[in-house]
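Okay, so subunit A shows up in both of these, paired with subunit B first and subunit C after.
Take a look at the complex of A and B:
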């Protein structure tokens, strides 16, 4: 196996350790408790610091101000067009990026020559902050949600492609011999043997890809856009509304925590009992 | 399906492939003309790298012969056939399927009716002694148990020819003896035609009716030994004089070949 895809490998190499940790009784509860304690502790420090005047409220307002503001913002009707815009961008870039990544990963596996040509570019794209190409996308597509979606899709597609490809190359050859010996068709070999066998890698790519889509979407809205949650953060920042800005930040953090949790649960359900 | 027991005929089979370092083709199998009678149990022994697995792949239709012909039940082999079951040395159980689903997989691919799938899978699982483990996943089973799953999966197809490529080579000695006895028992019940590839001489004698001894590259059959031990033999025959005679005869042939193979594989490149 090559070590040319550092992220792809890092994303997957972590897996066994996670699994082993999960098998220790009660460790889930312990880590959940630890998380709650940490969050509460951080909140308490922020609260005390703001009230005691360790910093001015423009830097970090008291959580007791941010939380009600968040509730208020989410309850207000003007919040939803922005949320919808960001949500659409996120959803579409995940769908496009994941599909493109699966397709490319499978294509590179089927045609290793083509894969070897593109691999260095894909791997080096990992190191390039693709947000840099946002001005070009704006010139080409315009200041609208499509320029965000196109770039975020690419950001999602890269880890998906590399991980799908790595996963397919890591399949034990005997699985393919088995598929041939029981006369699986090409599509049966791909969908019923090869892709399920590569699933742990594909999932690692999916988790990276979804996170990249969120980062990309919010960052691009933040720089130039006329709507979206990222745009609101920028707007509130420029109008010195620290409480409002932190409220929106909190919403985005909540979305990312939710996404990660959903993927984690889906992964556990799909891959459970696969490796003891 | 032609029912249990089809004869296998090999007619001057030769397999050559391009060498990795590019100097000329490597001849893995050469001039193999042999026959396995219907319902016969034949083992192939040979030094490692002698092309015995290649020969099996050709019979399985997973690889084409460079020249020569393979016939099963009178029909020329041109590709994999559902009537020919193959069992591999490596663990081929699919880790995302439980035991039942692993065994059912080829039946699903063959689009058998669901009730038929379930019945056949259960029969095969019971036959290899995996009853009670139906819902377990491969990760929860030992290496020997996983090979039982692979065997059950092959048997569930009810093939008339069973090709086994060193199926127990990766297991410990005790498990191997146990599974060998199981294969023998199952063969007594199902009466498929079996070709069993191994590098273990006593395993070959214990299991089969006939042993083919293969030379180092190019792999040719240098001896055919009929095993005239009682059909209901068990592991205790290893201490009989006849077993020793057979073992010595095969070892005499194999020793020279193994030495030749060892010398060639460990050659210092000029």
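Take a look at the complex of A and C:
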């Protein structure tokens, strides 16, 4: 494979099907164990440091204070409107972004001239710089969830588009010749041959897109919003509630871990079915 | 493979098309500005930009933002490159650290800004660190992947010509990973700038992020638009140049 997508950010997600099988058995277990040890170690250092007064509690409170506070916050009914707001924004931008990205990726594959015309913009606005448009979006749309959803959808759509397009271009031509020779219809060629063949790339784009949707959503809520998890972090910071702020940061870290895990599992299941 | 061709056939037509897209965007903007009073006219925005660029206070803000972004980018490339090198070379390090790095990559770094403020202070320190956090991961992940995928025969060649470590690094390793390295660097440029500007949205004494926020709250949308477009244009041009370079070396 000499093709490298210009947008290979999450390099680890690049060639999943080939890479993963070469892994020696047991390395997954070691990874999990090492991660647990590292997290516990970091927690212990934070605990000892906070207790011993290496830093003031408003910089980093002791984990033994943060964890119960997190549990309390999540259990309280006031938590859910913000979580729901962020969750809705995230879900809608992922759905819109993924659909738009797939559509554009296929369109650019069919009409490479059009694709090349738009490529410089897609590559240069690659996702995150779009956050800079947020003040413009809130002037146009208002400070509400739609200004977040619109920008986060575009952020998700860009890696989806570029990866789908790259994946489709990397299909060995013989696949398409085969499809033509057995007289597949156009939709059969696309859904049964082309997209499954491009699936590892499409999934890499999906992972990037979901990560960007989360990063963008939270960053925009953090900048200016009236609700949402990112907004809460800023609000608690400004009311000098360090423990509460860290509790919300933990919630966001947990959401991102959860999303990563779900995508990983979904990818393995789907690609296994494809490869079987 | 079309990606390896430096100049695809019809390259100038593609360029013309890309320019036409930009022109069309400005036309849409002009039309929209007549339909809605909150959208500043393109000409008014250009005027605001010219006025701003003559204003020494604006230029001081521009200088501070760009210097902070430059420092953040340099640090991100250095730190990310070194960690990526370590991860790419050592299977052991990959097994231990890969999950943590995947998770940290997915965490919205901006929420850590309140944490950085008391540690690195309000001036350059905290925004540079924020920009570093933004730009770090693409370099790190791309370098690690690039190093890991260097074909075995390259290493055997290094051994057979008895290259020392430094020679192996400069003559074998760096040329072999130049593609992914450039990808990481390109992403780090715009991400560092975004990290710095987002920090300035939040809290700062000086910088363009502050200018944007001030003109937003003052309702001076032409000023806000021109400053945002200036930032976007800087990030766009740098990314585009690096992307062209990237395609040429591939």
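In this section, the second predicted complex is superposed on the first by the 252 of 276 C-alpha atoms of A that agree within 3 Å, B and C clash if a C-alpha of one lies under 4 Å from a C-alpha of the other, contacts with A are read in each partner's own complex, and residues count from 1 in each chain.
As a working rule, a residue touches a chain if its C-beta (ideal position, glycine included) is under 8 Å from a C-beta of that chain, and two chains touch if they have at least 3 such contacts.
Just so it is clear, the model here is predicted, and its values are computed rather than measured.
Model built by superposing both complexes on subunit A: subunit B and subunit C fit together without a clash.
With both structures placed on the common chain, the touch criterion links A:245 to subunit C but leaves subunit B unconnected.
Of the two partner chains, subunit C is the only one that A:126 touches; subunit B does not reach it.
In the superposed model, C is the one of subunit B and subunit C that contacts more residues of subunit A. The angle formed at subunit A by the C-alpha centres of subunit B and subunit C is 100 degrees to the nearest 10. In the superposed model, A:177 makes contact with subunit B only, not with subunit C. Contact with subunit C, but none with subunit B, is seen for A:169 once the two complexes are overlaid on the shared chain.
When the shared chain is aligned, subunit C comes close enough to touch A:214, but subunit B does not.
When both complexes are overlaid on chain A, the residue A:118 reaches subunit C alone and has no touch with subunit B.
When the shared chain is aligned, subunit C comes close enough to touch A:58, but subunit B does not.
In the superposed model, A:77 lies in contact with neither subunit B nor subunit C. Nowhere in the superposition do the C-alpha atoms of subunit B and subunit C come closer than 11 Å. Looking at the complex, you find that subunit C touches subunit A at residues 1-4, 8, 10, 13-14, 17-18, 20-21, 36, 38-39, 95-100, 102-103, 105-115, 118-119, 134, 137-138, 141-142, 144-146, 179-180, 183, 187, 190-191, 193-194, 197-198, 201-202, 212-213, 216, 221, 224-225, 228, 231-232, 235-236, 239-240, 243, 246-247, 250.
Those residues of subunit A that touch subunit C in the shared complex are 2-4, 6-12, 14, 27, 30-32, 34-35, 38-39, 56, 58-60, 112-114, 116-118, 120-121, 123-126, 128-129, 131-133, 135-136, 138-140, 169, 211, 214-215, 217-219, 222-223, 230, 233-234, 237, 245, 248-249, 252-253, 256-257, 259-260. Residues 60, 62, 80-82, 84-86, 88, 90-92, 94-96, 98, 105-106, 109-110, 137, 139-140, 157 of subunit B are the ones touching subunit A in the complex. Residues of subunit A that touch subunit B in their complex: 172-175, 177-178, 180-184, 188, 192-193, 196-197, 199, 271, 273-276.
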